[in-house]
Amino acid sequence: MSYQEFRDIFYNGVWKQNTGIVQLLGMCPILAVSTSVVNGVSLGLATTIVMALSGASVALIRQLVPNEARIPVFILIIAVLVTAIQYLMNAYLYSLYVVLGIFIPLIVTNCIVLARVEAFAAKNPASQSAFDGMAMGLGLTAVLAVLGGLREIMGHGTLLSGIDLALGPSAKSLVITVLPDYHGFLLAILPPGAFITLGCLIAGKNWLNQRTESRQARIEPVISAA
Amino acid sequence: MRRTMAKAALMTALNLSAFALFGTALLAFIYNQTHERIEKSVEAEKLRLISQILPHSLYDNDIIKDTLEILPDPLLGNEGKTTAYRARLDGKPSVVVLEAVAPDGYSGKIFMLIAIRENGELAGVRVVSHKETPGLGDYIDIAKSDWIRGFDGKSTAQYNDQDWKVKKDGGKFDYMAGATITPRAVVKAVHKALQYFALHRDALFAGGIR
Amino acid sequence: MRKLHTFHGGVHPATCKTQSNGSPIAKAKLPSKLVIPLRQHVGHSARTTVEVGERVRKGQIIGQADGHVSSAVHASTSGTISAIGMQPVAHPSGLPEPCITLIPDGLDEWMELEPCEDWKAVPHSELRHRLRNAGVVGLGGAVFPSDMKLYAHKHKIKTLVLNGAECEPYITCDDLLMRERAEEVLKGAELMRELLYADEVLIGIEDNKPEAIAAMRDAAGKHSGMEVIAVPTIYPGGGAKQLIRVLTGIEVAAGVRSTDLGVQCFNVGTAYSAWRAIRFGEPLISRIVTVTGNVESPQNFEALIGMPIAELIAQAGNLPGTTGLIMGGPMMGVLLPSDKAGVVKATNCIIAASDALFPPPRPVLPCIRCTRCADACPAELQPQDLYWFARAKNFTKAEEYHLFDCIECGACSYVCPSNIPLVQYYRFAKSEIWAQQAGQKAADAARERHEFRESRLERDKREKAEKLAAKEKAAARSEPAPVSDKPDTKPQDEIARKIQAAIDQAKAQAAEVKPKNTEQLTPQQMAEIAEIEARRARIREIAQASTDAQPRE
Amino acid sequence: MLFSPYITKPDSVSKIMLQVLFALIPGIAIYVWFYGPAILVSLLLASLTALSTEALMLKLRERPIAPFLKDNSALLTAWLLALSIPPLAPWWLIVVGTMFAIAIAKHLYGGLGSNPFNPAMIGYAVLIISFPSQMTHWLAPGGLGSAGLDFQSQLNYIFRGALPDGLTLDGVTMATPLDTLKTQLHMNGQMKSILEMPIYGRLAGVGSEWVSLGFLLGGIYLYARRIIGWHIPAIFLITLFAISGVFHLMDPARYAGPLFQWFSGASMLGAFFILTDPITSPTTPKGRMIFAFGAAILTFLIRVYGGFPDGVAFATLLMNICVPLIDAWTQPAVFGRKDER
Amino acid sequence: MLSALLAMGAIAITLGAVLGFAAIRFRVEGNPLVDKIDAVLPQTQCGQCGYPGCKPYATAIAEGTADINLCPPGGEEGIHKLADLLGTEFKPFGGSTVPKPKSVALIDESTCIGCTLCIQACPVDAIVGAAKQMHTVIAAECTGCELCVPPCPVDCISMEPIADTTGNWKWQYPVYAIMPSQTAP
């Protein structure tokens, strides 16, 4: 329960094992809902909540579940959480619910949720598991935000459009028009645009990693020589 | 061996069902807590769409309740039963909202809501869903362009049959260069809906059409 | 007129043959020394039969065929053996191989030869034996021992194909041989036909050698069942598989013996050498070598095996601007790492390369899958795919796409618009696969041996325990078991003491200046010791060579 | 000089690509004759964009620039793309398309030789998906539009988006004959009366049919020079002819005849220049035939039932995906192993 | 509400029973992965990995108790193969394990005292000889494991690297300059 432990979990979830651009899990919602920042972040946060809660629940009950019923029980827990969130969104964030539509129930089948539950929550205590789920979810949300932002700017020339769906009509003033009089680059909004942009994001991350690696490699001998 | 197998099966079954029952109970509880609110949200959404083409000043009745079932009609292009919403002001009929389908969009059907005042004038038209080429035919959507507002206030009295066409075909309606099929379909469908209204006007506001 | 078949692909590089085929075969002058590799053929290296300092006469065996697939090596002239050891040879690696260095005495004194007038009376097995002892191997480049190829096993050989196509540019040694010694070539063919019981002899010569065709046709008139056939000039029409295909329509796949399909193929030069070996008893101590390219007077030499290539080039006249020496033709030849190496039985041509003749390669671009290579490939492979697999080191896939059917003719590289060294990739992939297979075989053998050892130890332990149990049982029956375990420890002490003594003795021995007790040894023992010494020396030498070789990589 | 063979045929990627560019010239010349010189502006713009994008990408990828710029492959991509989009398109359209084709469709996949999709067609697909309206304004051939545009006005429109006073875009442009046919059929027009419209000529569209003939000529030149094989163009055209012929015979009122399919749209350009791109087409003879067959069927289906004006580009891209599979399935028997399968 | 509970409960009981039954009925015995790993290992049986032979090491890898980078005779190539097989990432050799050139043992026959200790150490029976007789290594069978070196009381065994010969020489991977102007002198 040390600070270092939580820091490692956070770093792992948000950057090192990022679900969106490293593990490439749950591609279907990532590609489908990342047409705008608001859509992406909304689904990302919904997934984060599910992941944190499912992590905690599974960690709590892991001793009670026999091995052969492990996966059905985990899925059951995730499905219950997702359905609960779906009801709540339907009731309180109806317009956003309409936009995200099918992708909310699809969180159940988002393999990243089950993957983390299997890989982490089934072996760790509840607080760590909840934190891991949250970190992973935030990593996913971050990717969805960047992806959605890029696609929105390229496709529509705006940012945060549709924020009124989440925060109410008064938030409409938050919408930023990045490129006025923009023709719109439709490809960015369409599924191929999602693939291409995600590919560029992955490339960008790999490039960053390589750069830090080569930098470290360059520094090390100097240190050892000194 | 057989014993352990049966035992393992029983244990797993009990475990799984315990979780299932707990989960189901939890969900049932949440559902009970939220379903009223969900129904309200659904209604509000419908109302929101209708209210876009139906100014609040024009009615004081509960239009969600004051509905009428419409049977398939070639003039409306609907293939199944649809609902017409009737707006009344001080008990007098003011506007009817019809659901119409333009079957000949560039890539499939275009679903619309058409609000017609009792005098035959269009109060407003909105496209509910369509599959037109993005960026090309989708300017019929209010989210993309104001083109659809061009119908506001038009009626068969104002424009004769020849005028209910896009300008390229000699009519009065604008269109965006390069994409004429979509507006053609929409104009045609609106025109037909007005014709339908003219035929069934009284029935629409009264009991119903058989 | 015989109906000729065609093979897929092929290319038409400039033939460049007129430079060297204008003058008759010249006899190369006796060189200052001869470097004769012990392995100039496919198979096992020959075993040395001479010692340093020994005088040998021309034609004397200096290396005896060793093993099933092997061939003898002879002194190319009379002289003294000056060295036996590792020397650079005509091999692309530049690695040394065991060679015998012979300093000619200038007398060129033949040993007694055993001519054979009536070879038809000699049994076939004896003829084959003589060919093996005469060191006759395929002179077309494959250098497979000919005696082995002249045995039909149980197959009925219908056609003996004599390969005079000589499709590689620049090379004219077979052309000149056929022009000047057609009669003896055909007598050799007659001998081969006899050994193979073949029905017909088809001699394929590319139609750009009209003089050779005429000479051979003239000579063939005296033999029955021999036909000289002009085949279209196309590279690699002189490849054995391709020539067999053109003349008979039969396709011999990789890994298939042509005798299984009723055909056998020999180079015209081999036929000539076989004839000389049987009729006159002359071993294969010289061959015709085309020396061309960047030299003063390109021509064909009859050169002694072992003649240093530098001296051969000098006899044709060195020219400035030579950038390297190619053994073989420009399509399949080997760039020689050293001109010190001697002419071997496979040396059909030496080209002095210059930038004017062979411009440096143009920049390599990525493959654009244009399939010009596939159109040119005589083996009907998909070189672009093989290249891709070889480059990605995906060897399983390369094998699946029939990498080993590639004959490395170079037609694909020749036509490649991206200038990719395709053949080099195939060679790389092939040698990697061979190494892998060898490694796998060794690992399997090691596993098997290890498992056998484990089971043996297990068995020994069990047997020992059983024996002990039986003993104890017997002891228990007769008398009480001994209480102390002293008898067990004593022998162990004894053993340790003995070992220590032996160690001391060995150390003392090792410290002594004269390490070996060389007195009172039988000659046999001495020979054994010498052999052990030689083996050790060789291993050290190999080890040394490899450590020397390390920095090169 | 390190490995055998030490001699090579004096052939190069650069020369092959140059021949293909050369073979495009008759078609381009006819294009200019009918539609004015606007296409030359597109070609120039595309070429410049392609070369500079190529250089930039090579630099980013730390590859030598000169040998790759000289291979002419970027130029070929640029020309094919420029020929597939309306000449009177705003300048940024061709620039965006070419940049996408070179940077993303070619270099992100590994550059020359590694791109699975035809870069020019990717560029086209991106443009038609993203800017459908701009992509449907084709210049009317000389004498057909309500007014002709001189070169100055064409340039003015391309770079500044301004048309001379009193002219609308609809006046000087029109949909392609293929597109018009589809639209008219959609509007319940009759095939016979549609084909009597002034934009239809002897074989297909006025002007465009001659451009197609020009590309056919170039294609025959390429075949004569053995730059391309016969398999892809022949099978593509024959299949397209056959399938459109069958449909035409079944219902002449709804399906145009095979010659119309041949000489309208990008059929000829596709058959000889686009589908034959060696990098993105199969390498085995049988594979090439399957590839061309599939492309023809898809082209026809997209033209008749699809939502886009022409089908060649998408048919090409869809068949490009299948190339590795086709190649793996159609490996020819090798020398001496013909009875093994 | 009640119907939902009943339905879910019934489904869960049935599926749970099936699962419990299947878990016992289809249990997999043994581990085929061990053989696959063993096939990749070089079979030198040298024990440098800390396990008494290749098979025990393979078992340890399969169980997840050993790292894949402990086999010096397999070289980096071997680690790559193991990483591919197990779907893990490549790891460079650990601190103490360093790959060496492939070698064979050579017994200096003049010093050998015939103590048979090396014969007992050889895991593949590649040393022949009898007590008080000179021993020799069958080079073709020697895996270069070096296990015979430490037991020798007179230090007469040395490891000789296998040299490059024309027999085991390999064609190199073609390396060429894309831009000759940069590399040509």
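Couple of notes before you dig in:
Which chain is which? They are A, B, C, D and E, in the order written, and residues in each are numbered from 1.
The working rule: a contact is a pair of C-beta atoms (placed from the backbone, for glycine too) under 8 Å apart; a residue touches a chain by one contact, two chains touch by 3 or more.
Just so it is clear, the model here is predicted, and its values are computed rather than measured.
Path length between chain B and chain C in the touching-chain graph (shortest route): 2. Leaving out chain C only, every other chain stays linked by touch in one piece. Note on connectivity: the fewest steps through touching chains from chain B to chain E is 1. With centres computed as the average of Cα coordinates, no chain lies farther from chain B than C.
Remark: chain A and chain B have CA centroids separated by 34 Å (rounded to whole angstrom). If you average the CA atoms of chain C and of chain E, the two centres end up 35 Å from each other. One simple way to say how far apart two chains are is to compare their mean CA positions; for chain A and chain D this gives 41 Å.
Between the Cα centres of chain C and chain D there is a gap of 55 Å. Multi-chain contact residues of chain A (touching two or more other chains) are listed as 66, 68-69, 72, 184, 186, 190. Shared contact sites, meaning residues of chain E that touch two or more other chains, fall at 12, 15-16, 19-20, 23, 174, 176, 178-179. Shared contact sites, meaning residues of chain C that touch two or more other chains, fall at 360-363, 421, 424. Per the touch definition, chain C reaches chain E in the complex via residues 89, 91-93, 95, 97, 360-364, 421, 424-425, 427-428, 430-432, 434-435, 438-439, 442-447, 449-450, 452-453, 499, 502-503, 505-507, 509-510, 515-516, 532, 536, 539-540, 542-547, 549. The touching residues of chain B, when paired with chain E in their complex, are 1, 4-6, 8-17, 19-21, 23-25, 27-28, 32. Those residues of chain B that touch chain A in the complex are listed here as 8, 11-12, 15-16, 19-20, 23-24, 26-27, 30-31, 34-35, 37-38, 41-42, 44-45, 134-135. Chain A meets chain E in the complex at residues 66-69, 72. On chain D, the positions that touch chain C within their shared complex are 1-9, 11-13, 15-16, 64, 67-68, 71, 73, 111-114, 278-279, 281, 283-284, 327, 331-338.
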